[in-house]
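Paired with chain B in one complex and with chain C in the other, chain A is shared by the two complexes that follow.
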Partner chain A sequence: MLKYDEEVLPTKWYNVVPDLPEPLPPPLSRAQDGSSIELLNRIIPREILRQEFSFNRYENIPEEVRDLYRLVGRPTPLIRANRLEEFLGYRGKIFLKYEGATVTGSHKINTAIPQAYYASRESVTGVATETGAGQWGTATTLAAALTGLHSKVFMVRVSYDQKPLRKTVMALYGGEVVASPSVETKFGRKMLQKDPRSTGSLGIAISEAVEYALDHDMKYMVGSVMNSVLSHQSIIGQETMKQLEITGEEPEAMIGCVGGGSNFGGFVFPFISNGKIEMIASTASEVPKFSRGKYDYDAMDTAGILPYVKMYSLGSDFIPPPIYSGGLRYHGAAPSLSILVKSGRISSQEVEEKEVLAALEIFARSTGIVAAPESGHAIASAIRYAKDHRHDPKTVVLNVSGHGNFDLSIYGGRAR
Partner chain B sequence: MLKYDEEVLPTKWYNVVPDLPEPLPPPLSRAQDGSSIELLNRIIPREILRQEFSFNRYENIPEEVRDLYRLVGRPTPLIRANRLEEFLGYRGKIFLKYEGATVTGSHKINTAIPQAYYASRESVTGVATETGAGQWGTATTLAAALTGLHSKVFMVRVSYDQKPLRKTVMALYGGEVVASPSVETKFGRKMLQKDPRSTGSLGIAISEAVEYALDHDMKYMVGSVMNSVLSHQSIIGQETMKQLEITGEEPEAMIGCVGGGSNFGGFVFPFISNGKIEMIASTASEVPKFSRGKYDYDAMDTAGILPYVKMYSLGSDFIPPPIYSGGLRYHGAAPSLSILVKSGRISSQEVEEKEVLAALEIFARSTGIVAAPESGHAIASAIRYAKDHRHDPKTVVLNVSGHGNFDLSIYGGRAR
Partner chain C sequence: MNLTLYFTMGYPDNESLAMFVRKGRDLGAERIELGFPCSDPRYDGPAIKNTHRSALLSYSDSSAREMLRDLSRDGLSAYALAYFSSISGDPGSFLAKVRDFGFSGLMLPDLITDYFHDAERIIRNVEGEGLEFIPFVSQATPDSVVRKLSALTESWIYYGLLPSTGVSLPTSMESIYLRARELLGGREICFGFGIRTPSQIRELRILGADGIAIGSALVDYLEHRDIPGFTSFLEGVNAVRN
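Up next, the complex of A and B:
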């Protein structure tokens, strides 16, 4: 492989747990018998579970996993957005870390690869998961293909019908995609009996994927929120650090968007001990988890199958409005990220959809990147930051979590 | 900018003309009065015209253009396709140069940027061009946005109706896109009078774009075939050369696909003087320009507005079958490339659509890249090469000219 890539691609994952301002509250079983913790042991690969509860600051990345990271386009580029700076009349610097450059088009592949890799080392027939908008399902099916595993994806019915292209990509990677609720699980059949025309939900899809994994000797793949997932995503921040170092730049502000928190955590956590860097988590005004959510134990999934974790949450029964940014509609935020927001180390900001769409358009014309609507929140926050710091220019680094090539319909209304 | 990118991004364009085995026959005016050569002077930026007829082996790339190359994602990655090697049981090495990693998703941006840049330095109101499948139009509108120019794109009616997403991207970049034939030009109105329901053709769209450019004090942007365009594309090959050098690899075979010849020429020409490298141009069986075309003077465009050039051609009135690979349906091949095929330095190979689709599927599952159907021809040829060299493994470098994110419907039929 190319020498210069070798310099940037990390050899270890960074785990923020030992560097948190207070201990991370452990996941709890909802049931008194501890059965939902026990469940994890059956559906999550052993090594992933070990990482989940690890207090080590670093974990080695197996060479096979690094090989796959290279194959899918890592390291991703760090780009100086000088035309955006000009457009905004900003005298500071704006860099963008572009996760949309991976072959699946988002950061999700960063954790799909190690999860599938560790699953492939146990005697399983494959992996199962759920997907809403499709980015996680896409990453899962490719990671499975690259590690020789079968993959089964329960795709929320409404997305299944609205996003045929996503289905095509997953099938192309060899994944088996079914609309959820489906007739393939007890839970799905129960849901269909209640409402044969159900459009589904992420909660139902998770329940189906977990049940399917249990019944078919498969492992279950987790897209966000869990510690191990944020730790895998730390390669984003570590690459950024190395790239800034090579460029001779010192970041003063880092901005990203938050759904479950994995792209944001992966991006900023490796910099957490540098107190000089301002960190801004951009969320959707329509899903105000940090400003109106409660910091307490809550269910990770709507069906409540998985253990409870302590986090900012709008309640696992929160029904988000149908904003374009499907990935930001999650009711909670990763426990480690929640602690850092609560402590004030990370500040949060909410952006309305209208501002996001305008930001995406400015961004496309000044960088050429058609960003995912989720990433549009981070972009809008970066534009705000540049306006606020017109007379006090700083070096800003922005994480663009994915491209919007499969979300182009959202641009239709605004474009001529 | 990152130091390691700086090492790979070229500072000069390479022009193959002085290294051709025989002199390049000059373009000729169809009319006796030389008016179509004169036309070029009015619609092509002066510096582009100078490059077109230059005998210099190298031309400096302006620093502003290099800046824009960086912005749109250059250098693009060179990736070792080791899972593809494994899948094929090939003991040689397969590298792929991935032009789909640019923000517009194909190599077309490499020439759109300098053409728009040089246009912006003359007193013009904007640039006009035609587009079929949409890749060239996409590159043109972004290059115009980045150089502060207005852009007008005449999109073949059938594609305009079939590919709404492409239109959305061009409009997002600020381009004005109209279906061709249109009422905005005399030629378009004439065509519509003849047939109000005309689905258009590239020939008509070119005529409209040229007429519009002349009437509106705009410059016309050329997507392929011309010398200057192939020279701009030489950054693909030059980057590849540097990346292989850094990796310590010696290429033994280079494979790419040929429409007008710009991605292929740009990829292999910088290596042309290395006689040890086999070069294979992959074309569509349905458009057999090298095997059944005639090497003679022919029109570049169907309407015959532009000068005649000497090249392999199926005739400018050739009507290609409706294969998925819109970019490979062109009737001719660049004059410089034609000479090198005629001399035997470059060999050509034809692949049928069925084999292409199977190759695209294998490629997606082993690399994660959903390649453009055009690039699928190169991939199919690389797979053939690996099979033919099972017992005589070589180091193969494959140019993947673009991603197929906007062409996913072609995969639909094959995927489950």
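Up next, the complex of A and C:
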């Protein structure tokens, strides 16, 4: 192990809750009988559940998990995007943290590993989950393979059809993939009955995966939104902090994209107590959760099996337009992130798919990185930021949550 | 380690409740916490939610007043619990009622989560009525908020171990206790939510907790008006807490 890597790879996960400006509202059970909070005992590994409701500022990362982090390519690089600065005529600095450098191609592996690791230490047959873009499903199937577990993935229909190669990768890792809504669960069948041509949604796929896990004695892997997931993702921000420190840089603005909020939260939360840093959450105009969503209790899944949490949400039955960024089509945003947006500590902005495509192209030509369309929102916001601060140059750090090597059809009509 | 018993007023009926409260007092409980029934006890688990649903039909001010009169005659401190959402229409007359009934203090479990920006003003109003305000904090309460609440008040503090009453979730009592102690220093901390077994109580005692509160674990005895069961449960609690 290189000395640099050892210095940069964190030994603890950071949880932002003790440092929030207001209390985190507790989850609510809307179950008619029993408690949907207690139900989590059946589908979430014990240790993950303990972390979820413990809110300790720091949790130790087990050495076995750090080993797996190294195996999948951590720490990921922090790169000075000087050609992008030149292209934009920007006199400030732009750094990018590249989560696409992990073997599965996104930040999702950062939480898939600990969840599968803790699941594998209990007597379960396997893990089940949903996936939108396919990044989370890929991370889950690899983490399951590395910890000796079977995996089952419910993939949102629209992505299933748009991204056939993602299915191939997941199958290569040993995962079993079905399009959602599927006929394999009660909830999926109900959705298909309502609309046989449903393109699906993350909320529906989550409902199916949870139901499947409950019925098959499996653990359910949580892709985003929950507190423990954002904590696991804090290794992104902690690595960035160390890397900036080594480089001798002070960040002034941090920008990332938000689906459920996990890559963004993981990236910026470790910096939250530094009030001088501006933080910008970039979302899809087509899924305007912060501007049009309501901050209130809502279901995390469409079926409402999981507890309700207080968050910005467009409604758990929201069916988003079929934009390419599958990972940003989720109806809500993590409760801790929602509080920070509501309080004004974090600002948000929206980007349309057209602007995202243009940004991805500029980015590819100036950094060589074919970024994920989700990350394209963050890139577009960073480009806007550079334009707005032409006369007030700042040090900007941008999180590129994944690569877009499986999303090339997005350029179909364009590449010349 | 002192013991607080939680009951929802009016459950299972006014007469039986008075009997349980008296029995609890005889068995050495230092404090009685009495909930005003409401239609949306959102942060409670299934057992206590049921007591609210049923108590809404049977609760009456006059029998509550009478029970309180009995309690204060014996010098037992009684604390009221109410969801702020259910009294926010007219908090003034509710506070006056709580004081007139003879309660020592008031706990509002939804205040700092759902009315964060009004909390300080409301706490001052409660104290202005001559009532102790009992802050309710949990692991989800940020450090700065815990510090602020502890600076604003002088009473004992209720610390919720879990996100809801009466559910069971994996926890590490030790790390919860150490964090609470670090933030609250020498303040009296009473731990509640999900306490039902002797081993939990023993662990909290060994750690140094000042008190425990038990609520959901009593509901079955109340429902079946099972005084002998209630008695032997509390004897078991006493055996480990003292």
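Everything below uses one rule, namely that the second predicted complex is superposed on the first by the 386 of 416 C-alpha atoms of A that agree within 3 Å, B and C clash if a C-alpha of one lies under 4 Å from a C-alpha of the other, contacts with A are read in each partner's own complex, and residues count from 1 in each chain.
FYI, contacts are C-beta pairs under 8 Å (C-beta built on N, C-alpha and C of every residue); 3 or more make two chains touch, one makes a residue touch a chain.
Since this is a predicted model, take the numbers as computed values, not measurements.
In the superposition on chain A, A:S316 contacts neither chain B nor chain C.
Contact with chain C, but none with chain B, is seen for A:L28 once the two complexes are overlaid on the shared chain.
In the superposition on chain A, A:G368 contacts chain B only, with no contact to chain C.
Judged by the touch definition given at the top, the superposed model places A:T395 against neither chain B nor chain C.
In the superposed model, A:L40 lies in contact with chain C only, and not with chain B.
When the two structures are aligned on the shared chain, A:S285 is found in touch with neither chain B nor chain C.
Of the two partner chains placed by the overlay, only chain C lies in contact with A:R50; chain B stays clear of it. With both complexes superposed, B is the one of chain B and chain C in contact with more chain A residues. Applying the stated contact rule after C-alpha superposition, one finds that A:P18 touches chain C and leaves chain B untouched.
Chain A makes touch with chain C in their complex at residues 17-29, 31, 33-35, 37-38, 40-41, 46-47, 49-50, 53-56. Residues 42-43, 45-46, 112-114, 116, 138-145, 162-164, 166-172, 175-176, 179 of chain C are the ones that touch chain A when the two sit in their complex.
Every residue of chain B that touches chain A in the complex is listed here, in rising order: 1-5, 7-8, 67, 70-73, 77-83, 98, 101, 103-105, 109, 142, 145-146, 164-165, 168-169, 171-174, 176, 243, 246-247, 361, 364-370, 405-406, 408-409, 411-412, 414-416.
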